[in-house]
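Below you'll find the structures, each written out as structure tokens.
Two complexes come next, and they have one chain in common, chain A, joined by chain B in the first and chain C in the second.
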Partner chain A sequence: MTTTAPAPAAPKPVEPGAEPPPPERTRVSRWIPAAGVVAVWIVVWYFTKGTNTLALPGVARTDLHDELTEINNALLAGRDTNPVMQFTNSIADMLRSAFEWVQRMIVVPSPPRPVPEIGWLGVVAIATYIGLMIASWRIAVLVCLSFLSFGVLGFWQDSLDTLIVTGMSVAIVVVIGMPLAVLIGTSPRANKVVTVVLDLLQTMPTFVYLLPVVLFFGIGVSAAVVSTIFYALPPLVRIAGFGIREVSTTTIEATDSAGQTYWQRLRKVQLPMARKTIIVGLNQTTLAALSMATLAAFVNGPGLGKPVLAGLRINDVGAAFVPGVLIVVMAVMLDRTTTAASERAEKVARGGGGNVRMRRIVLAVGAVATLVAVYLSRTYLSLAEFPVYTIGDRLADGVNEVMDWVTDTFGGVTEVFKDFVTNWLLNPMQSLLAESPWYVSYVAISALALVFGGMRALVSTLVCLTGIWFFDLWHDAMITLTMTLVATVLVMVLALVFGVWMARDRRFDLGIRPLLDAGQTIPPFVYLIPVLALFGPTRFTAIVAAIVYAAPAAIKLVADGVKAVSPTTIEAGRSTGQTTWQEITKVQLPMARGSLVLATNQGLLYVLSMTVIGGLVGAGALGFDVVYGFSRSEAWGKGAAAGITIVLLGVMLDRITRAAADMRRDDGPGPRRAFNIRLPIGPPR
Partner chain B sequence: MRIARSRGARLGALAAVATLALSACGGGSVDDATEANESQAAEGGGECGDLQMAVNPWVGYEASAYVVGTVAQDQLGCTVEYKELKEDVSWQGFGTGEVDVVIEDWGHPDLEKKFFEGEGDGSAMDMGPQGNVGIIGWFVPPWLAEEHPEILQYENLNQFAQEFATSESDGKGQFLGADPSFVQFDEAIVSNLDLDFKVVFSGSEAASIEAFRKAEENKEWVIGYWYEPQYFNAEVAMQRVALPPYEEGCQDDPQTVACDYPETELKKIVGTDWAASDSTAVDLVQNFTWTNEDQNVVAGYIASGGMSPEDAAAKWVEENQDKVDAWLQ
Partner chain C sequence: MTAALSVDSLWKIFGPRSDKIIGTPDAELSRAELKTKTGNVVGVRDVSFDVAPGEVFVVMGLSGSGKSTLVRLLTRLIEPTSGTVTLNGMDITSASESQLRDVRRTQVSMVFQHFGLLPHRQVIDNVAYGLEVRGVSKKERRAKASEIVDLVGLTGYEMSYPDQLSGGMQQRVGLARALAGDPEMLLFDEPFSALDPLIRRDMQNEVIRLHRELGKTMVFITHDLAEALKLGDRIMILRDGAIVQIGTPDEVVAQPADDYVKDFVSEVPKAHVLTLKWVMRDPRPGESMDGPTLPVSTIVRHAARAAIASDAPIRVLDGDRLVGVVDEEDIMRVVVAEEAV
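Here is the complex of A and B:
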């Protein structure tokens, strides 16, 4: 999160320059009892290990799981008569025809025409013009190049399909999400209820609800749009709701005294003042929607996910890499465009915006050029159908060669590293968590929650653990928890090293940001094969995949936190002649503690969200259960139970880390803001 | 600011000029092609209509689906739509008319119960074997079978168990389970045959292939659940380990399985409504049958040859028109 940039997000003060709460004392007093709990746990484990672990074989199910499966079966059996389904099916029809209409306009032949109504040249021109109109000429160039890259790399239709699905989903999310945001922004009680639902939507693995979504909305684009909506709704509601809530009470009181109605207050005060935050929410929603592209391909959702999965099917990294990179290109394009557009709108709203007359002329010329391009693309075949280039294939081959070289060269070293981490970190921890009798782990985890987060964390933890026990997947949950913790430790190591480095070296920051953005947005399916080739189907492979996805977010948070430490403090330290190492460990990191905790919190949740991917590469545990449930209808209930267990784990980890950061409702806006607004990908500031 | 604007203007002008230049060299007019299409549509009038072909996510299936689809499209004039779906979702689609054909079914008793006439809603039906024979079993990479041929008997597995140990297998030998889509009894087999192994699920076909490929390259010890037909066997000829032979009923109770997997006749499953329609593609699917070798050829084109499924299918059809003719009778 940058200090000013994609704006409001940018809580300059994750750790404001203000006095830090006495960190030293609380930290010491927490870690000592925690160590005590662990010591007792190890002693008890030594005498009881292997008993009452509630382990369940990979393809076994319990009665509870079968009962859950029955829910799905009952829905399926009643599909011809279920009135809800008839209603949702008619919605699905509308979605489908809307999609097909747009498709015929810009990407597939519109019979009897052999080509779409608007050919590629027209589409590129229109997109570029939109970039020019809502943002700047720089953005226009970015948009133009991005669109050209879709075609030149050979995925014109898939790319546009992805854009259409993303656009439709985001449009519907705005329609559903804004009223919800207003609701939770104005009513604390609604906020509590809705937040629970949002937590559920954000952490529930997509594979769990993909089958029911297909049941209600059919196969293909409708299922893709609907499951994308589920996943992309939470960021907008959360962030926009938060923005509305944050509008200063003085402003509201001042305008209220003028006797305004509820609607007036909402439309004239709250929404405009929260606008910047709302746009950050929209930006995050757009990126979330884009990240669903590959998963939607599992139910024949159109777009770039298809070639990615096809590459995975034949273990061809290069073939999956090219469409994967296009998803990154699209993400960067959408992110930069929405950010720039909001900055521009802000400027215009404040009366800025440069030379109006000049801008009008530019826009008029652009409009004419666009119209000409559209006309030409309707007239000439070669301007309607994107020409075929081989550059995409050559790029794929190149990637394959590089990957082969990497696996051949580093295969041995990586094996050693994998065994080291597995034998010294993963296995001992897993043994403690999963091989202790379940009630021992239950008590020990609760005790740790109490130590780190106090009573509030304890209550959440008890509820979540009881839920996990109830759903019959205790042993798998403990294995997944172990992997999540180990991965998060590694993520935090990376975050500290690279975060501090980025904060201290601006050039390094500039150089690495694009890589971080790519790590966050490239579909994990793209790098599964090389990671598999290096580490084999193991839990460690899953951990590596999770790190690739989670580390960028944590690194950025730490970097921005460290950067925000007031320069005066650092200067003061320097004048006493401290070394660089002292400066980092005694000043920068302790003062950025708020953002360290936040990075841990985000790291945990990002890692946990990769659980299912882990199940695809040999990690077993809950991830495998979810995939198993999605793959075989008789096990759907087990997959659902695993999905709910993942949600419970996520809520538990989230509440403990939040409580550990002393996040109370009466906290200052800085930290609270940071917890509510997730990371936009963005340029360094 | 001012500079930026004027550059914007120049950019616009540049774009306009570029488009004009491009259009000058771009041949072919859309209007001509549209007229051609219109006249063609007037003449045409296919009897096949639409064919919605499910494409389940493995290469062998893709080969079967695209060969049938290509024949339907090129020789019967159908409009073929390929839908990339997992098995369960495909079967759900029969009832809603979103899927017409599943061309390679490895046996799904649970789905048959839900969708076949009788116990289920009758939206799906069995259209007979498609010729491929599914062989499932325990396999080791060829180098291992060559150096330790005795390993191909399950009785000898325990003496090598330690060699198969990995970081994942708790000190026992690791048995690599497969993608959860497949019916697997390995956990039961291991425990009922008193084998000193632990089943670790690879989780996906991609993961299994990567593990076997690596094992053969580096002479690593791996044993796992594997199957035929499968394009990867052309690259690495996995060798089967003999388990106690399959007998009728020995896999009925999942807990007590202690025998090998049966050979499976892969079947064609189709939507009941579609099968009753007068689409000419019904006969094609009904008659379609080919061999494991045929499928492996096409799958090899796709997976090793880097061809698109369409091209691979078209190539095979061209080379085997005699076989295709038999389906079109």
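Here is the complex of A and C:
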């Protein structure tokens, strides 16, 4: 999504003796023409509403959609003769057999044995030992307990399947991604090209990958792995490439002047100096992979996503809850382990790392214990197959009961809030956007794009809107756009309040930041579960889930932006006797404008990427179209069209906010840089 | 004796199609005019000079004068636009990648303003880096490096990491790294600008000491005139990428080439820099010629006591030859004049 904004020509200080720069024309605030456009729009809407809205009933399809379905069918029919499909199918076969091989090693019966090669005890022991080896005994305990919880709660196989998919994908991502990271870290030209591709990958809401991936790789584990690779690749390439690029030029120059070769520079200077950042990239990639691996349940991918999805489909919160919790457990485990491993590596590299001999003894004892456990798990059936407990089921029932009680008791409160947002924000906006004739909305949106983003934004907007119109889902697109905008407005309200608060109060920051980090670690799927329980399947549920998903990132961006305002400026302001309110509104927020725009941009895209997931819980519109397209083969074309429409909306919103950011003179390199390394989960800690 | 370093009409122009400008009338434009006309920026404009073996050659100018660019052109850390650089008879500007690498490994080392140390390596391995890229065995390079660490006064800090050292000590590491490869020439790019004044003075003395002990040829970039006068055998003053003046410290102070240089040196305590050469005069008729004698290279300040003690003017000798006389009044004029400023 990030078209690299052209490197900002830093305003050069005027050389002594030169002409003073021409005074800038004071620009009229962009909100005034914007309000004018909206006013005109409302007037036109009043007289024309309900005509030419291009509304399409829920399950109706157009010829275009059927043609897309035909193309899909033709491609599927030609699977055996089409060379591209043959190639992708052979890759799919390879992935599948690799997955099945690992599965036979640790989870499923490996014929002729009735149980896997290594039973559950061996698996837990190996995992614990890995935790001990790369991190510390604390992590080993965390890993051990996590693995045990997978089995005790009754999702042993699903959990391990998810881990295998995640692990395979991360391994492949590293093999593909590190060379790319080096390339974009060392060659500005390659950086530009690769960044465009990464942008595209990252603008696309997760679900849109799934459609073409299914077409070329079939459903099941291979589609899960391939889509996970696509999703998890950008963070590693971007962050690692960024780390390599940011290595101090003085150091490069100094070591170059010692006469080093390209490889010596890479191996001895650039990679070691970027190591910390590279590991952050790896951490982000792992979490992204986990989140996609669970979502891959939509394409029949194996793992914990399946029970969650099944629970959501029948609105059974309790059934979705337990696997949802396990996904969170797994995310926390992976996050802590990679973080602790990198900290440990850092310490060892600095000659620390505690008592070396003691550690060797512990590792040796651990290795022996692990081998014994593996042996036992191959010998005794009870140590090979995880025993069945009923805790998971009882937990699910308990959750259902609690949820019923909560809904009965607090239903009124949530209802009031829901009605307020629905009646005062959602309905009016949706009416304006979707009930205007399509050409009126078209012109109005373009005019707003021009006001906020200038010519560049206008051109992209025209292209995207025309595309949306072409795919015959205009009315649905407008409804989705409404929900996205409303959710983003609410996200930004949260971001401003909490972001400014965090920036001004260190203790509050320290308290809330771990929560935000946790929020960003959890795969989006999981958010739906509690929200669905509270608000039932409606548009509003989808919006709340999107807000919960998008808010942490936006809050952090605003907090960091406000915090980055130079203390000298704030001090200077205070010395003039400003009030706190004046300080926030006249100094901190204006100076953090770049971050605010970036937070809006990210908020929009995060929210939009929840569209399809929202479709599961009553969001309707494009999200429903995609879900419906997945479930009915004759509606494939409509689902594909909806997917493309979501992408077009995303590109349009991205371009407008990005262009709006570029029109600002005052944003420093900070926000721009953030644009360029856009992280799907969270900025490096 | 052949020059250790010889630079001939060296140009560096930054920007698109910069190679098309030299030789055209555009090359005569001022820096600002060229920038507006073509968008290119002149870094170094037609610079030529020679450095003798063992000499300390100081390049001085304000920021933006092109001095840092110039020093990078010498080993092609930045590619020159045109002109030649000859190092010990070898043409650097036409050298191949591997020849150039060889030059950097064995003949020229550089010390940087912001040190450029590797934060993930201990002092000893930072110092040994140049030897490492050459392929010297670990044992050998560590032995050599610890020798150099001792030489620059960092004994005991071998196993520290750069971020555990003060700025002055970090620059000693930078210096040690440059010396470890036993190069014939050292390049210094404003090495002490980032240090505070007392540390800076120590480091300057360190360089003087090392120069006395090792006798390396040095090219030293600075924006600090006092530093230039203190260290330099000769000083080259740059402005907007072009040479304004090349001369010994006393020449630059006594005969500034233009108002720019004059402005620069106006604050210098002249009595500390000028030699008798610049204040002596021909004997007046009837003047007593039996005063004490001093060589012509004596610094004015050091001649003051003798001049006050003697009634007759001091006779100034160049070798055995009488070249002029100087009396108390001549010397006082220099000392008092600058107090009046």
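The rule we apply is simple: the second predicted complex is superposed on the first by the 438 of 685 C-alpha atoms of A that agree within 3 Å, B and C clash if a C-alpha of one lies under 4 Å from a C-alpha of the other, contacts with A are read in each partner's own complex, and residues count from 1 in each chain.
The rule is short, and it goes like this: a contact is a pair of C-beta atoms (placed from the backbone, for glycine too) under 8 Å apart; a residue touches a chain by one contact, two chains touch by 3 or more.
Predicted, not measured: the structure shown is a model, and the values here were computed from it.
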| message | Looking at A:118, would you say it contacts chain B, chain C, both, or neither? Reply first, second, both or neither. | response | neither
| said: Under the stated touch criterion, which partner chain does A:551 make contact with: chain B (first), chain C (second), both, or neither? | reply: neither
| query | Regarding the shared-chain residue A:248, is it in contact with chain B (first), chain C (second), both, or neither? | reply | second
| request: Pick one for A:317: touches chain B only (first), chain C only (second), both, or neither. | output: neither
| task | Have a look at where A:260 lands relative to chain B and chain C in the superposition and call it first, second, both or neither. | result | second
| Touch check for A:615: first (chain B), second (chain C), both, or neither? | first
| Partner, of chain C and chain B, that touches more residues belonging to chain A | B
| Which partner does A:627 reach: the first (chain B), the second (chain C), both, or neither? | first
| query | Taking the superposition as given, does A:224 touch the first partner, chain B, the second, chain C, both, or neither? | reply | neither
| query | After lining up the shared chain so the two structures overlap, which partner does A:349 touch, if you call chain B first and chain C second: first, second, both or neither? | reply | second
| said: Please output the residues of chain A touching chain C within their complex, sorted ascending. | reply: 15, 18, 248, 250-261, 264, 268-269, 272-273, 275, 349-351
| message | Show me the residue ranges of chain B that touch chain A in the complex, using the header's touch definition. | response | 1-2, 4-9, 11-13, 15-16, 19-20, 22-23, 25-31, 33-34, 36-38, 41, 57-59, 62, 83-89, 91-93, 95-96, 98-99, 108, 110-111, 114, 121, 166-168, 176-177, 179-181, 184, 187, 199-211, 214, 218, 231, 254, 302-303, 306
| said: Going by the contact rule set out above, which residues of chain C touch chain A in the complex? | reply: 32, 72, 75, 77, 100-106, 108-110, 112-120, 122, 129-130, 132-134, 159, 161, 174, 177, 181, 187
| chain B contact footprint on chain A (complex, rising order) | 57-60, 73, 76-77, 79-80, 111-115, 119, 121, 125, 128, 132, 136-138, 140-141, 210-211, 214-215, 218-220, 297-300, 306, 309, 312-316, 319, 354-355, 358-359, 361-362, 365-366, 368-369, 372-373, 376, 378-384, 411, 418-419, 422-423, 427, 528-529, 532-533, 536-540, 614-620, 623-624, 627-628, 630-635
